[in-house]
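Listed next: structures, encoded as structure tokens.
In the two assemblies presented below, chain A is common to both, partnered first by chain B and then by chain C.
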Partner chain A sequence: MKLKIDFMAQTLVKALAGVPVTLEITILTMLLSAPLAFWMALRRITKGNEKAKLVRFYISFIRGTPIVLQILFFYSLLPTLLNYFFNVLLGWDLNIWDIDPILYAVAVFTLNTAAVLSEVFRSALMSVGAGQLEAALASGLTGAQAYRRIIIPQALVVALPNICSTVVNVLKSTSLAYLMTVQDIMAVAKKEAAFGYNYIEAYLVVLVIYIALCTIVQLIFRALEGSLSAYRRRLA
Partner chain B sequence: MRPFHPAFILEALVSIAPYIWVTLATMAGTVIFGGLIGALLAFAMIRQRKLGNAVANAYIYIVRCVPPIVMLFIVYYGLPELLMSVGININEIGKWFFVIVTFSILFSAPMAEVFRSAYLAVDPGQREAALSVGMTGAEAFFRIILPQAAVTALPNFANMLVNLMKEGSLSYTIGMIDVMGKGQLMIGLNHGSFSLETYIALAVIYWCLTIVLEKGFGKLEEILSRGKQRIRA
Partner chain C sequence: MLELKNIHKSFGKNHILKGVDLSVNKGDIIVILGPSGSGKTTLLRCINFLERADQGEIVFDEIRTPMKTASRHQINSIRKRTGFVFQNYNLFANKTALENVTEGLIVARKIPKEQAIKTGKEALDKVGLSDRYDYYPSQLSGGQQQRVGIARAIAADPEVVLFDEPTSALDPELVGEVLQVMKKLAKDGTTMIVVTHEMSFAQDVATEVVYMEDGVIVERGTPRKIYSKPEDPRTEQFLRRVLRKDYEYSI
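Here is the complex of A and B:
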């Protein structure tokens, strides 16, 4: 077996053009799903909450079905729903079918990641001792202040390794965005591969790019962990 | 909005259900081969020899960074050519072969970590005690350490298994007819209509399988950890 090295070099350059798309989807997904996940985590932690059941049901569904199925499901459902809602019900003349597929990708990945991330947040919030919240409230902080200044800074340190693996997983999942006609790394490579039947070479290039991206993400999180957990070292 | 036929969900469920066995069979194959590779990797890491440790860590790192679909395509397109260059022709072989190879590679990395952490969770005193009463190293491992490590590994293993099942649904992209593949085939045969109903049927099947796996392993853990003494407050 001989690999076509110059084809790989060309594909590498072309596939790198897909990297911003992959990163855009990953970053937008993380930013959008974080508040959603936090809300769900809080609903599940507070006792006697009726919404907790609904949240549990949602998380169970998302964690129980493959992401590729969620992509296919939402991608065939969302446009029809949006079209019905805006154009039939509200009578607006929106061009639903021209929406950038990246937005659909972000929507689907956000729905998925929010469920995963809420479990991460929940376990991190529970790891902070109950006394911390009580002490904060007793010293006159409001609930929101207590969370922002006392609970979240501590929970975040605990959650960081899991957030890192969630980001890596989202990054890996974005390789499925080509199913929604998004022009990411995978889609570019697939197109190049099909052109001259150079599949192995093209996918090896994708593999190298993903290893590089994952390494960068992990390095960033390692640096973050060092600076966020600074308060722990001082105590020791 | 296009018409929605709830009745078709039932119809799809009935025609997809027999293919659950295909999914479960490929999972079983993956667990066996992936588990074996994972055990070897864990062994290499536990032994702490420089070369073995480095190779195992590099393997795990790389496999963890690769999206499953990319690995699937690399194996599907690359393996036949690689084997052809050493004179083995596998062009006639079924799709299941590529699926099992791919997911064994992907499954082995997290499994290695599960094995390793479970082994390390057993108190070293257990092994020393076993050796001191005259057991050989192998006896001590199989009769004392393994039963205890297995219980520790179980929850993580169940998690990995559910992940494997979900990732395995990607095998439809190379034309494997398992649960997901059958669903896609039906959508194709219906020229794209009833796609939503079929997806719902697929979601129901995967969701049920996940719940069954989780509950089943929860029960198994309860049974296996009977011998364990809880900390008394």
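Here is the complex of A and C:
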């Protein structure tokens, strides 16, 4: 077997054009799901919260279904729902079917990631002892101040490795966005490959791009972890 | 100055505090003794609203606060007038010694940063940690951590400082340094309520010793009275048990 190097170079250049799309979906997904996840984690941590059950149901629903199914399901469901809500209920005249598929992708991945991330946040928040909150309250801080200044900074350090895997997972999952006609790295490569049946070459290129992206993410998180966890280190 | 009236607290079906009254005057050093499970920690936590009492009233300089229904605002104002020293120190792990002390000053009391740092350093100097301002809790010994805990509790110059067994999590050789700091505070006129098993502290500095058992105050009096002729047989029995070892040294 002989790899077509020229073709690979061409595909690389073209697939690289898909990188911004992949990153955009990943970053938007993380930014949107983080506050949602945090809200859900708090609902589950605070005692006697009625919404905890609802949140738990949602999380098991997401965890118990394959992401491909979620994508196909929500991608069929969302436009219909949006159409019904805006055009039928509110009587607006939005062209739902013209919405950029990237937005659908972000919506679906956010729904998924929020559930995963909320478990990451919950376990991290629970790893910070109750004594930290009590000491903050005794110092006169309000609950919100205690969370912002004492508990979240400590929980974040604990959560970072899992947040990192979540980001990496989202990044990889975005390769499924082609199912929603999004022109990301994967979609571009598939299209190129289909021309001359150069699938192996095309996939090899995609593989290399994803490895590079994921490595960069991991390096960023490692640096972040090093700087945020300074307080845990003992002096030599 | 501070008065607690008829405090009740249950955890589920367990009635832990069964009507506790306590009155504290400025400069008082009240030591609370009692067997494990008698509700000493629960009492201190109720005063600071870390636990919500089911019944009772706290009167702070004529301001009456019903403990069960106290508003967030009332709770916060009581917390700002008290300091709390925890058994397990509970220092903010992500903050240096100095930041532990200044956090409440800057964030809760809105004291300008420079002034808070000055006050914080003074508090740390007072507990003998002038050379540890920038150390994180993980870089300090247990005794040093507890002294930071004390500095944090006294920095805002609260009217009462509550101590919950401040030395019982410490290695024996570290107990002395913490007790010494507490004795110094006592001499400076700090009002304190101290739960402790350190009999020497109670005997040397307490203005009043309170014996608690089973959620009620059984007996109270000067240390001299409580230690030499306790009136209640339960007090006597408890003291005999805990002092058995100490007697060998003191007599």
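Here is the rule we go by: the second predicted complex is superposed on the first by the 233 of 236 C-alpha atoms of A that agree within 3 Å, B and C clash if a C-alpha of one lies under 4 Å from a C-alpha of the other, contacts with A are read in each partner's own complex, and residues count from 1 in each chain.
In the analysis below, a residue touches a chain if its C-beta (ideal position, glycine included) is under 8 Å from a C-beta of that chain, and two chains touch if they have at least 3 such contacts.
Since this is a predicted model, take the numbers as computed values, not measurements.
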| item | value |
| --- | --- |
| First, second, both or neither for A:84, with chain B first and chain C second | first |
| Touching partner for A:150 - first (chain B), second (chain C), both, neither | second |
| Which superposed partner A:63 touches (first chain B, second chain C, both, neither) | first |
| First, second, both or neither for A:175, with chain B first and chain C second | first |
| Contacts of A:135 with chain B and chain C, given as first, second, both or neither | second |
| Contacts of A:114 with chain B and chain C, given as first, second, both or neither | neither |
| Residues of chain A contacting chain B in one complex and chain C in the other | none |
| In the complex, chain A residues that touch chain B | 1, 60-61, 63-69, 72-73, 76-77, 80-81, 83-84, 88, 168, 172-173, 175-176, 186, 199-200, 203-204, 206-207, 210-211, 213-215 |
| Chain A contact footprint on chain B (complex, rising order) | 1-2, 62, 64-71, 73-74, 77-78, 81-82, 84-85, 162, 165-167, 169-170, 180, 195-196, 199-200, 202-203, 206-207, 210-211 |
| Chain C - residues contacting chain A, complex | 48-50, 76, 79-80, 82-84, 86, 88, 90-96, 103-104, 107-109, 135-136, 138-139, 152-153, 156 |
| Contact footprint of chain C on chain A as seen in their complex | 129, 131-132, 134-142, 145, 149-150, 153-154, 157, 231-235 |
